[in-house]
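First chain A sits with chain B, and in the next complex the same chain sits with chain C.
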Partner chain A sequence: MADPMKIRATLQGDVADVRILMLHPMETGQRRDAKGEIVQLHFIQSVVVTHNGKTVLDAQWSQAVSRNPFLGLRIKGAKAGDRISVTWVDNKGDKRTDEITVAPAS
Partner chain B sequence: MPITRVGFATILLACLAAWGAAPAPAQSDDPLGVGRKMLAEDNPGELWVLRGERLFREQRGPKQASLEQCDFGMGSGKLEGAFARLPRYFSDSGKVEDMESRLLKCMAELQGLDRGAIIQTRFSNLDRASDMEALATFVASRSNGMKMDVRLEHPREREMYKAGEYLFFRRTGPTDFACVSCHGEDGKRIRLQDLPNMTERKQIQAVVAGWPAYRGTHSTVRTMQHRLYDCNWQMRLPDLGFTSDVSIALTSYLNYQGNGAVIQVPGVRR
Partner chain C sequence: MNRFRRVFLKLAGGLGALAAAGGTALVRPMEAWAAPWNKAGFESKAFTDALKSLGAASATESRDIAITAPDIAENGAVVPIAVTSRIPGTQQISILAEKNPFPLAATFDVAGGGEGHVSVRIKMGQTSDVWAVVKADGRFFAAKREVKITVGGCG
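== the complex of A and B ==
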């Protein structure tokens, strides 16, 4: 089962600084396990970030992204309380969606 | 004439070398600092806290129990500040125990999980995660913001502390190393990695307050048990047994020396 993401969104003026941590093995398909067998390719293929339901980032990833990826983006025109939702789907069809609200500027 | 020229060139070279060397200390102070700061702001270790909490509250094992009744010394199920007081003496086991040994005991006794299997998967690798690492990170994180406060009130705790102190300074093994060989003065390194001087309070406090820590080179969180295991291996000593008396004695010594440190876990390490 996919583990939850950790998402942080803080306001700087009208820009939300969004930081996303994902837990994923991101196997390149090149590594061998303890038995010497190739570990199957297993990576996040698509990442979609929405702001109040509107897609603001739609990314196609490859196996070149590191294990436990970190993704940061800035969303213009955000207000405190806005909903930010992140969904990833990997090449095995596993997916995970997490949502948070933008924290007010501190 | 040619000799003078050579002499002049040598002086010039020496000057250049001296200048060239001058900026180096500033760089070697903390060449990894930038990356470390980025990691600390968005510490992947937070994901282990989440996973640990889920594992902690989930009903698992043959007995279908959660770990919520586990006693870390503050009473059953009380986690706040528990890590700050460990290792300490537990009357139910008659031993001084640290966080990992308590977790091991609870997983075996409350949940009925196989002790051998837990020990086998105590450290994660690229092929599988470790429940122990996640659970330890979660439990320790419940003491965040509190000060390390190991008290050594029980005679057995004092004994363990004394044993730990002895082990810390005792040179042993094929390389004739003690912990203090690397951690006894400022400015020691292994390759580019600066080593904390653990005879100095500030530096040891930074150590005990920051484990379990996310290790970038391992892509996972490691606990103090793993840190000690790894040090042991680096000293080419026989493998340090998980939650062995030796490991708990050293942890008692280190944590007591680091008393007063404000706990902030998961830390971030190279």
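== the complex of A and C ==
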């Protein structure tokens, strides 16, 4: 099972600034390990972010995204207590979903 | 007879509730995968082929796309890139590193109410132009910015 994501959503007016940190090796299929063998291609292909169940971002990635990917986005019309859910799927079919609620503006 | 009818109704009601719960919990995320992974684009090795796969071969350059990236990135394995599109009706944002082995790094569909802003960290093999291609109202716009790489991050 994949490691949990770190998600943070802060309100700036009615826009939620969402920052997501995923834990994933994102292997390019070009790197060689200590034995000189190519490390298999292993990367997140698809990321979907929903706001109260409605898809606001549907991303397709290649192996060019860095290891332990960071993703930042802004969601319009958000308010405190809204649910933000993030799901990723990698090229081996492994997936992970995490959900948070938007923190009230401080 | 009546008792059987009760049981049957209860069961049917339970099934209905289950289906409704499944409808929100399971079916929605499946629908979200509607956009198929752009295999041709992500596997093309030439920058122009990657652009073609997006349908953006004749994109016009726009000043309304802001790319935030370092001028010099010491470590090519982690290059922070942020793209903000002020073009009204922005539907999709793609990020390409022109001289990477596979130039197309990521595509973001933001049509569902997200703002035209994404930030992500990508790997870059060598100094190259980073392109942001934005699709708005069915038309394509592009902007570029050079990022110098001290140590490549593809190996």
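The rule we apply is simple: the second predicted complex is superposed on the first by the 106 of 106 C-alpha atoms of A that agree within 3 Å, B and C clash if a C-alpha of one lies under 4 Å from a C-alpha of the other, contacts with A are read in each partner's own complex, and residues count from 1 in each chain.
What we mean here is this: a contact is a pair of C-beta atoms (placed from the backbone, for glycine too) under 8 Å apart; a residue touches a chain by one contact, two chains touch by 3 or more.
Quick caveat: nothing in here was measured; it's all calculated off a predicted structure.
By the document's definition of touching, of the two partners only chain C reaches A:Val15; chain B does not. Of the two partner chains placed by the overlay, chain B and chain C both lie in contact with A:Phe70. Number of chain A residues touched is higher for C, counting chain B against chain C. Of the two partner chains placed by superposition, only chain C is touched by A:Gln45; chain B is not. In the superposition on chain A, A:Lys92 contacts neither chain B nor chain C. In the superposition on chain A, contact is made by A:Asp58 with chain C only, not with chain B. With both structures placed on the common chain, the touch criterion links A:Lys79 to neither chain B nor chain C.
Applying the stated contact rule after C-alpha superposition, one finds that A:Leu23 touches chain B and leaves chain C untouched.
Of the residues of chain A, those at positions 31, 66-67, 70, 72 touch chain B in one of the two structures and chain C in the other. Residues 41-42, 44, 46-47, 50-51, 125-127, 219 of chain B are the ones that touch chain A when the two sit in their complex. Against chain C, the residues of chain A that register as touching in their complex are 15, 28, 30-31, 45-46, 48-51, 53-67, 69-77, 87, 89, 97.
Residues 24, 28-29, 32-33, 35, 37-38, 42, 77-80, 82, 97, 100-102, 104-110, 112-115, 117-124, 153-155 of chain C are the ones that touch chain A when the two sit in their complex. By the touch criterion given at the top, residues 3-6, 8, 19, 21-23, 25, 31, 33-34, 39, 66-68, 70, 72 of chain A touch chain B in their complex.
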